[in-house]
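Labels run A, B, C, D and E following the written order; every chain starts at residue 1.
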Amino acid sequence: MTLTADDVHHGYGTDPVFEGVSLTVAPGEVLAIIGPSGVGKSTLLRLLALFDEPDGGAIEFGGEAVWDVSERKRLDYRRRIGMVFQEASLFDASVRRNAEYGLRVRKPWSDRLRHELATLVGRTNGTGDAIDALETVGLREKAEQDAASLSGGEAQRVAFARALAYDPEMLLLDEPTSDLDPRNTAVLEDAVLEARNRGIGVVIATHDMHQAERIADRVAVLLENQIIEVGETERIFEMPRDDRTRKFIDGELIY
Amino acid sequence: AALGDDGGNGPEISGETLTLTTTTSTYDTGLLDELNAPFEDRYGVTVDTVSLGTGAAIETGRSGDSDVVMVHARSQEDEFMEDGYAINRRDLMFNDFVIIGDADDPAGISGGDDAVDAFAQIAESESTFVSRGDDSGTHTQELEIWGEAGYEDGDFGEWYQEAGQGMGEVIVQTGQSEGYTLSDRGTYLSMINETDLEIHVEGPVEGGPEILSNPYGIFAINPAVHDNVNYDLAMAYIGFITSLEGEEIIREYTVEGEQLFFPEAITEEPNFQQYVPEEWDGSHSD
Amino acid sequence: MPLELSVLSPLVVDFPFEWNYIRSIIRVSLYVSITAVVLSTLFSIPVALLVGFKDFRGKTLLTSIINTGMGFPSVVVGLVVLFTVSNEGPLGSWDLVFTPEAMIMSQFVLAAPVITGVSLAAVSSVEQNVRDAAFAMGGTRADVALVTIKEARYGIATAVLAGFGRAISEVGSVLIVGGNIAGSDGTSVTRTLTTAIQLEARQGRFETAMILGAILVVLVLIVNAIVVRLGGDTGGNR
Amino acid sequence: MPLELSVLSPLVVDFPFEWNYIRSIIRVSLYVSITAVVLSTLFSIPVALLVGFKDFRGKTLLTSIINTGMGFPSVVVGLVVLFTVSNEGPLGSWDLVFTPEAMIMSQFVLAAPVITGVSLAAVSSVEQNVRDAAFAMGGTRADVALVTIKEARYGIATAVLAGFGRAISEVGSVLIVGGNIAGSDGTSVTRTLTTAIQLEARQGRFETAMILGAILVVLVLIVNAIVVRLGGDTGGNR
Amino acid sequence: MTLTADDVHHGYGTDPVFEGVSLTVAPGEVLAIIGPSGVGKSTLLRLLALFDEPDGGAIEFGGEAVWDVSERKRLDYRRRIGMVFQEASLFDASVRRNAEYGLRVRKPWSDRLRHELATLVGRTNGTGDAIDALETVGLREKAEQDAASLSGGEAQRVAFARALAYDPEMLLLDEPTSDLDPRNTAVLEDAVLEARNRGIGVVIATHDMHQAERIADRVAVLLENQIIEVGETERIFEMPRDDRTRKFIDGELIY
């Protein structure tokens, strides 16, 4: 299923953040969004995750404008998207319950109630997929720890596992490795590539140019309220058409 | 200093405050404002009137938190005197109790002049009866009438409800329950515009039975027990409201055109009984 | 000096009540207040969530009105409920005057603003990003609401306890709509601990009033302990 | 049918009071409740901060006791204060019986647990990392406390309003310790709006009770608006 | 003034995080702490910032054990340290008030009160140093914005400016550029180097090996509850003595 932003305008109050942004991400590809701090990467990902209705333009999922359909239908779309925020945004509960959350909300209420009661009386069985996802990010043994007591990088990995656990069709990642050391970054990148190979579309906002080079199939450059350039990763990094792109990549662009 | 117009012979009390505790039913008739205003003017003092349940009013005196107490519960007043807390008790005035109830009169007691019979009829017809249930003067009197009718506490059925509240609340409650209750005439008259209840059996003021009479007493708190009480002012107050002038104010106080209280402080007979507990045989209780 | 004595030695006073009487009063108190608080909670939490997270004109005004409700004088609430259930009132045919159900109505009116107001403050302090996470993981509105309640559980438990405290401790309205009725067999019909305390105090029986007060406080303590246990939090730390 | 009439037409009733009388009652009500709430706030917020952020044995118990305080029956509080200030009590020589100051004492006891309990929930929800930041920037304990209060300002404002609501709306204790005294010239000494309402209600004058109730509610609304303004928050969103 | 950790032991509950960590940072040097996610870098920085008393060992400032002196004295020490957390941890107030905070708490209460009153009636004058610090991180024009509405990278820069504003003698930075693009990273690194040149000692916990190479004078490698190696940056990166260091730097070490 293709996710598309079509000439999207958006802003907070009177200040516009974008003026006409268009973007497409297809199944099985990784699209990196790069751009300086405060340019609107997180805002764009929130729009793609169907959080807020854009001020103008359309977000389309499989060709359908998601803000024109019923809320019920939009919920279905949302449930096919996994989102990892820039802040870990974990729930005040154990790591395992965090990782299971997406699976839990997809179950009928009767099952959930039964499961809560079982938890109350102490009989709980961890959901396999959630534990698998924690395993992927190397935090299986932290499953019963309180999420609030995790280190910065651990929290970030749990947030990633939480989105991976329910196996979405589309993954939106906002700086998912900003707090990670090289090895854990590699683990996450492997997981992203593995997801892509399963046909999942991935959008990743990143500041790490090396990361974009390593995993992105295509790169979109967000600058001055617009996507000034989008193309194959190699092409963008090696021969950017826009001079500002080159300057930004080289860390010379001042904002 | 603003001396009173008693010529400055009495103790210097100008500017002081007298605390009077009394029952809610007495307070709610509005009589005390009529009495206090001229007293305050004359002596240049302030009267703080606190209305409480009968028991609480007396208890406040017992701890020395009030200076003068006005209630209508002779047996409790007597006990208080015997304990040595109250002195210089005077009979002040009386009015009476009336049996009031729903206008439809389900027990058919209207027009009778025997309170005991009326209570018996209420019990037999199992009409709702709302009791004060709070050991007040009114409640004590009610139980006495029930006793005469052959009912002791505990003989009653579902129809008998103890409200445990003031007279005003009980009248409201009786109106809602379409039942009967015993009320002092003063409170009933002061609420006559707020209730549908009617008098079915009159008290002695209107020629009814003596058992429905309701005498009020007033006394000072013994300064030998509580040296902080304002005894001089208390006695000035008692003196004032049992004076000819005070009696006149009481006599002339009307609600809805009816006289509420009948002064009895100044009588032709000496009535020594007003100073001592009833049935006092002259021997010291110790 | 009986007052002084009574303060210093309430425990040496003989227990002055029939157990039957006390038990029936406790039963009425708990039945009325717990029912009222459960109903208020079911009403208040959704309201708090709606007001807390929807933006609309007049929101500040509505919040002020809710907070003002925490200061409704109980006597007036009692009168309003009395009018409603009185023979001539709109619910006159239901025969609710001087019944525990009427008392529940008035305590509902008293407790609901407290529970709503305090819950509103509690849910408002839940970080937007946690709510967003619930939404992003595919949560419905109900799921987001549940997550919010869980994050604010300590504040919400406090709200419920404050509402319960207000309900079980108030005397003005239950006296008016309940009538403080005890049957002639000495069991409570609409007499609660507070109205019984009030009655003892009227009669100047301050020691017995204090004993009833102590019973009430112990009951509240027990209920609080249960709510805290159910809330799953030891309080003070989150 | 006076009850029904009074419900339907409270507004056509002529205003039945002297302005002088009403003004003096309002003055006493506000003086007593605002003083009590200011004192409770000064007491409660430091307590809430201490309990919220210190770890010690018996913390859960203390929290339970605070929450239980939200359910103290006002009549019992009134009696306890009466014993304290009574001629024979420990403060007997201060001559506080039936004074506004005694009423302040009892409302303090009633409001403080509410303000403490709700503030405790509010400050507990302040993120540790914000407190850490204040500390790291060189803040003293007082600075960290101030930051915590600022972050929890909406919850604390709600706490103060809940305490104010409890204080100004209660009738049981002020009746006992204040005595509901009005001078014979028709000005209030210790009569508050609630005791005046109670007085009207027990005399069956429900319309006038309702009018006084409306005045009380308007006062509370005004005070709430001021607190919200000072709190600097429109409520509901942070 | 030298900041020293001397054989420090610390842990949460029964789990130890360090078993004997010793470390020194002198005025005018930049010490980078590197190590995998969850190893205890943030915990160590909190100890150095005098947040928590270590379970064992001593933290010394100018040779004095800071947990043996009076709280008043410790406050003086704390006020000579600037700390930037891994999470931005901004106050719910304007950006300017955040940046001014450290200066504000150093003023006598009478001044603060007067200033608050002036703010209430609308007469405010931004403190020069705070505005300068915001200028340094390129956020001067955001001074009046609400801190809660900043983007991830903007918040991180404000947190840095907040610590810089009151000119501490020692700067402790926990992943200060994790959410920043290359250009803003360079701006912050310049500010750090400029501070070092003014004689300020800097400890920086970082996952970015390139960053450590760029700005650190010395590097400490935290692994397996210990500092396994500490030395000149070049030496650590080019010929680490410990095999685990090399593996960690190359992103091969699995935890």
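Quick note on the criterion: a residue touches a chain if its C-beta (ideal position, glycine included) is under 8 Å from a C-beta of that chain, and two chains touch if they have at least 3 such contacts.
In this text, all values refer to a predicted model and were calculated from it rather than measured experimentally.
Student: Give the chains in contact with both chain A and chain C, ordered by label.
Tutor: none
Student: Would you identify the chain whose Cα-based centre sits farthest away from the centre of chain C?
Tutor: E
Student: What's the chain with its C-alpha centre farthest out from chain D?
Tutor: Most distant chain from chain D: A.
Student: So which has more C-beta pairs touching, B-C or D-E?
Tutor: Taking the two pairs in turn, the one with more contacts turns out to be B-C.
Student: Based only on mean CA positions, could you tell me how far chain C sits from chain D in angstrom?
Tutor: Result: the chain centres lie 17 Å from each other.
Student: Just curious, how far off is chain E from chain B if you go by their C-alpha centres, in Å?
Tutor: Those two chain centres are 79 Å apart.
Student: Chain B to chain C: how many Å between their CA centres?
Tutor: Here the centre of chain C sits 37 Å away from the centre of chain B.
Student: So which bits of chain D are touching at least two other chains?
Tutor: Each of 1, 82, 86, 88, 201, 206, 238 in chain D touches at least two other chains.
Student: Which residue numbers or ranges of chain A touch two or more of the other chains?
Tutor: Residues 87.
Student: Enumerate the residues of chain B that touch no fewer than two other chains.
Tutor: Residue numbers touching two or more other chains: 52, 63, 165-166, 169.
Student: Pull out all the chain pairs that touch, please.
Tutor: Once each pair is checked, the touching ones are A-C, A-E, B-C, B-D, C-D, D-E.
Student: Which of the residues in chain A come into contact with chain E in the complex?
Tutor: On the chain A side, the touching residues are 12, 34-38, 40, 42, 86-87, 138, 149-154, 157, 174-175, 178-186, 207, 209, 248-255.
Student: Quick check on the complex: what are the chain D residues that touch chain C?
Tutor: Listed in rising order, the residues of chain D that touch chain C are 1, 3-4, 6-7, 51-52, 55, 59-60, 63-65, 67-76, 78-80, 82-83, 86, 88-89, 113-114, 117-118, 120-122, 124-126, 152, 154-155, 157-159, 161-162, 164-166, 168-172, 176, 193-194, 197-198, 201, 206, 209-210, 212-213, 216-217, 220-221, 224-225, 228, 234-238.
Student: In the complex of these two chains, what residues of chain C are touching chain B?
Tutor: Touching chain B: residues 1-3, 82, 86-87, 97-98, 175-176, 179-186, 189, 191, 195-196, 198-199, 201-206 of chain C.
Student: Within the complex, which stretch of chain A touches chain C?
Tutor: By the definition above, chain A touches chain C via 49, 51, 75, 78-79, 81-83, 85, 87, 89-93, 101-102, 105-106, 159, 162-163, 166.
Student: Spell out the residues on chain C that touch chain A in their complex, using ranges where they run on.
Tutor: 127, 129-130, 132-140, 143, 147, 150-151, 238
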